[in-house]
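Labels for the chains are A, B, C and D, by order of writing; each one numbers its residues from 1.
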Amino acid sequence: MSKSAHNLETFFDVERYRKDFPALHQEVHGKPLAYLDNAATAQKPQQVIDAISNYYSNHNSNVHRGVHTLSGRATDLYEGSREKIAKYINAKSTKEIIFTKGATEALNLLAYSFGEHAISAGDEIIVSGMEHHSNLVPWQLLCQRKNAILKILPITKKGELDLALLPELISDKTKLISVVHTSNALGTVNPIEDIINIAHTQNIPVAIDGSQALPHTAVDMQALDADFFIFTGHKMFGPTGVGVLYGKEAWLEKLPPYQGGGDMIRTVSYTHSEYNDLPYKFEAGTPNIAGVIGLGAAVDYIQNIGIHNIQAYETELLNYATEKALAFDGLNIIGQAEHKSGVLSFTIDGVHPHDIGTIVDFEGVAIRTGHHCAMPVMNFFNVPATARASFAFYNTFSEVDALFVALEKTKDMLF
Amino acid sequence: MSKSAHNLETFFDVERYRKDFPALHQEVHGKPLAYLDNAATAQKPQQVIDAISNYYSNHNSNVHRGVHTLSGRATDLYEGSREKIAKYINAKSTKEIIFTKGATEALNLLAYSFGEHAISAGDEIIVSGMEHHSNLVPWQLLCQRKNAILKILPITKKGELDLALLPELISDKTKLISVVHTSNALGTVNPIEDIINIAHTQNIPVAIDGSQALPHTAVDMQALDADFFIFTGHKMFGPTGVGVLYGKEAWLEKLPPYQGGGDMIRTVSYTHSEYNDLPYKFEAGTPNIAGVIGLGAAVDYIQNIGIHNIQAYETELLNYATEKALAFDGLNIIGQAEHKSGVLSFTIDGVHPHDIGTIVDFEGVAIRTGHHCAMPVMNFFNVPATARASFAFYNTFSEVDALFVALEKTKDMLF
Amino acid sequence: MDLRELYQQVIVDHNRNPRNFKELPPPCSHAEGHNPLCGDKVTVYVHVEDDVIQDVTFQGDGCAISVASASLMTEHLKGKTLSQEKDLFESVHDALTKKDSEIDLMHFGKLGVLANVKNFPMRVKCATLCWHTLEAALANQKSVTTE
Amino acid sequence: MDLRELYQQVIVDHNRNPRNFKELPPPCSHAEGHNPLCGDKVTVYVHVEDDVIQDVTFQGDGCAISVASASLMTEHLKGKTLSQEKDLFESVHDALTKKDSEIDLMHFGKLGVLANVKNFPMRVKCATLCWHTLEAALANQKSVTTE
């Protein structure tokens, strides 16, 4: 390896931010942890952990339904988070922010409600060949239920969407296009602006799965003009159990509710129930109050660093890792798109990814190995699985070095 | 008022447990908080808050999908919680414990999956006249979708189920009976054993909404023999955003999945997806890992005190509060069932419940006012709303006194 | 903060003895307002001729704030023009719901007692319900909800 | 814990040069095993006559533990009776998955190298996959999954 972390300089004061993440400061098998599994879930800054503890210790109460002080405080915190998030992604209104359990629930909500509203037998939905199962299976289930047709926008050998094929896929039966913004399996950043433009010229709404985008890049709903946009809290340094479905108000008004229960109705009798206003129509039951508040704290945290600083630093990190990967004997990078973010997916000749995972773990390096909930991608590249290192802004060049030192050991161990 | 907390004795060392609940030790409007809104959500012991912080600070990782150390630890903690909960409710197997976002999601999951499996046009489902909207609206939505019929088991003036009418309601079209164990609006504890017996003699499965039961009483799935049993974490001293659907394994095997996404499938291709084993078939996407771990800590906490001790003490509390309520001029108790638990719902002549809520809040007393997500119950008793004091084991006789002192002020203020 | 700021004597009085608490028969228009959070229900009846509110009444069931607010509203608006009503609606709405409102309700006679409701955010919708309902009645909508 | 306990020389050797790595043509029975978590796939072929395993082979794609385990399994079982196979399956399963198992795999020759897999809980299913698949082949099931 020609380069090492020691002779690198960066504008980004990574050590300052690392201090905020308690989980990073531990040893695994006697080695300092290098947490490179951020695409699976990100670590949480103390600020997020404290927001949760503080809520439970001082303000815990159910929201929306009470007149007492704690209930008012809890509601203010909960709705305050909604405002923060609406502002952060530049939604037009807080009515467009629906809190869910995660990206998976958001996508299932969308598939169900959009399906009930707009999908009949013979209609077509387009997804891409690099979707996470969460943006594939809900549409498959919908298509089965409605006798609709799921069409797949293919990917190229480099791991990019074959955009030239999109116009051919679109027909007058196409009711929705749902594609991933950044692929968790390949790191590809897709040209979602182009996809939205193409679709909108034919009046087809577009849903974007932004789960892997939010931790790394800025998004602007009004500029982007996506009809729906989905993301998940735990990957953007927030708590588990919370996610967001953004939808244009006009769409959300039209869609029927998904789950029934407390808070989502206005009046209930045995003959007739009237639904609540947005966003509550889609938020049945007691929400993950602490989770939503924690997600608000995560957005604050990201904004304090500045998402553009994060993006610039991570580009340096990924470039550095990619350079090392290209120089590593027998390593094949899976996914070589022009625009990539956060993810280095690879295989090593003669070593199964699962063994790579175990062996580097013994060097303190946490990476993921498997199909990354994207089996069709694995099939496309004809690999059973890949090893995947995925980065966050708190990762260092030295951690990248540690990964490649550890990868050397896989050869010592298995040859 | 004849009696006061000072001349009462109890076996239960409530002060010892109050210490564990940080939120209880605060002032509201300059008065010590008396938190009597436990049926809406319960406070959390430090042990639960710490379990969450500890998870995020030391073990945070995604579950099930990794080979690295943190991922193994997170999976062990997550699945360890499932084991604890399975044991606590005496399920036969951890496969019978499905983690959801809450009771509302659990009931929607059940309504959807059971509906897809078993409900056709003309079929009948029976719920009771005292259901929370979460055990009413999902069935209404299902019945609309499938052209099925929702039948209501009426309640009596005392606020009990009119069980004698159940056999008449049942027909050979009845596919499911779903009833609440303990009513959040009335406090009524329903004879669910009898209902299950009646239903099972006709081979009708029964679902029980145990959301208000778990914080107060022991449940035993194998003894009870319910086919499905639902509860929610935040009301039993656990985190928000987590609940449980218990289902007999044989049932869960038969039901189709609810949401599609990561972890719930075994293999995915564009032509065919194969579902995962129980319980994962019903747990699509990254779960609320911290929430599940926190719920496990809440179960530990309850077990340390002993649910029978809790129940015995709460009976004393509710009896004490009921006695005071009966002696209070102009107060009408809504719900006077033989068997009650945790809830005192009432109105005061000439004072609207909403005003009661605000006025007692100024005395530090947190109660709920409104329809308690049970509008049909309000309609039945012909009240627009009630005031509801609801108790947990950490409440004291003095807090009950504080409530009634505060209620006196409503008269000063409004007459 | 003292609770008497909310439950001022005028409010208590109008709650106990609501003015104009009756139906107006058709062809007067009416609308129903509903706040499901607290169960408040109000029906506002209004009779307009020559752009003047000849009569306005209400009926319903609600907390002291919502009943008193409706009572005060009807008392105040009888004989006012529609454009005066519009100004007043906006003033009340602005004063109670905008953080940095510069409207001083004290300029509107007895309605001034509603000013303090602003300090009790969880009760603002109780005070505004009847106003929204009146708007609906004037616009001939059937029902309105606030939460 | 040293990683060499898992990747012992025998395992590395069997992974690089798997024994009995081939198909058996019908009418031999076979079954497919799949562990979707790591992508391991194995097909086990078995030829039984007179209650004796005349031949057993495998093919597939998997991590070192799963390949070596399959290779060692086929080597060990050739010529064994079905009842010996049943005992062995239960011993291996018990030794690797039960916390307080008293089975010592060292008694089973080279299969002893699998004993340490127990100390790597996340890899146990890699080692047991081929055994479950063999069971399925013997029972004439088509496929089996472990996770």
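Just so it is clear, contacts are C-beta pairs under 8 Å (C-beta built on N, C-alpha and C of every residue); 3 or more make two chains touch, one makes a residue touch a chain.
Keep in mind that what you see is a predicted model, and the values were worked out from it rather than measured.
Asks: Centre-to-centre on C-alpha atoms, which chain is most distant from chain A?
Replies: It is C.
Asks: Counting in whole Å, what is the centre-to-centre distance of chain B and chain D, each centre being its mean C-alpha position?
Replies: Computed value for the inter-centroid distance: 47 Å.
Asks: With chain centres taken as the means of their Cα atoms, state the distance from chain B to chain C in Å.
Replies: Whole-Å distance between the two chain centres: 38.
Asks: Could you put a whole-Å number on the gap between the CA centroids of chain C and chain D?
Replies: It comes to 79 Å between the two C-alpha centres.
Asks: Just how far, in Å, is the C-alpha centre of chain B from the one of chain A?
Replies: From the centre of chain A to the centre of chain B is 31 Å.
Asks: In chain C, which residues are in touch with two or more of the other chains?
Replies: Within chain C, the residues that touch at least two other chains are 36-38, 122-123.
Asks: Can you list the residues of chain A that touch 2 or more other chains?
Replies: Only 29, 65-67, 71, 267, 354, 358, 369-370, 375 qualify.
Asks: Would you mind giving me the full set of chain pairs in touch?
Replies: A-B, A-C, A-D, B-C, B-D
Asks: So in the complex, which bits of chain C are touching chain B?
Replies: Spelled out, the residues of chain C in touch with chain B are 1, 3-4, 6-7, 12, 15-16, 36-41, 61-65, 67, 120, 122-123, 126.
Asks: Spell out the part of chain A that touches chain C in their complex, as residue ranges.
Replies: So the residues of chain A touching chain C come out as 64-67, 71-72, 266-267, 276-277.
Asks: In their complex, what parts of chain A are in touch with chain B?
Replies: 22-23, 26, 28-29, 33, 35, 37, 40-41, 43-44, 48-49, 52-53, 56-62, 65-71, 101-105, 107-108, 111, 132-134, 136-138, 140-141, 150, 152, 232, 234, 239-242, 257-265, 267-270, 273, 284-291, 354, 357-358, 360-361, 365-370, 373, 375-376, 379
Asks: Using the touch rule from the top, collect the residues of chain B that touch chain C in their complex.
Replies: My answer: residues 29, 350-355, 358-359, 362, 369-371, 375, 378, 383-385, 413-415.
Asks: What part of chain D is in contact with chain B in the complex they form?
Replies: 34, 36-38, 121-123, 145, 147
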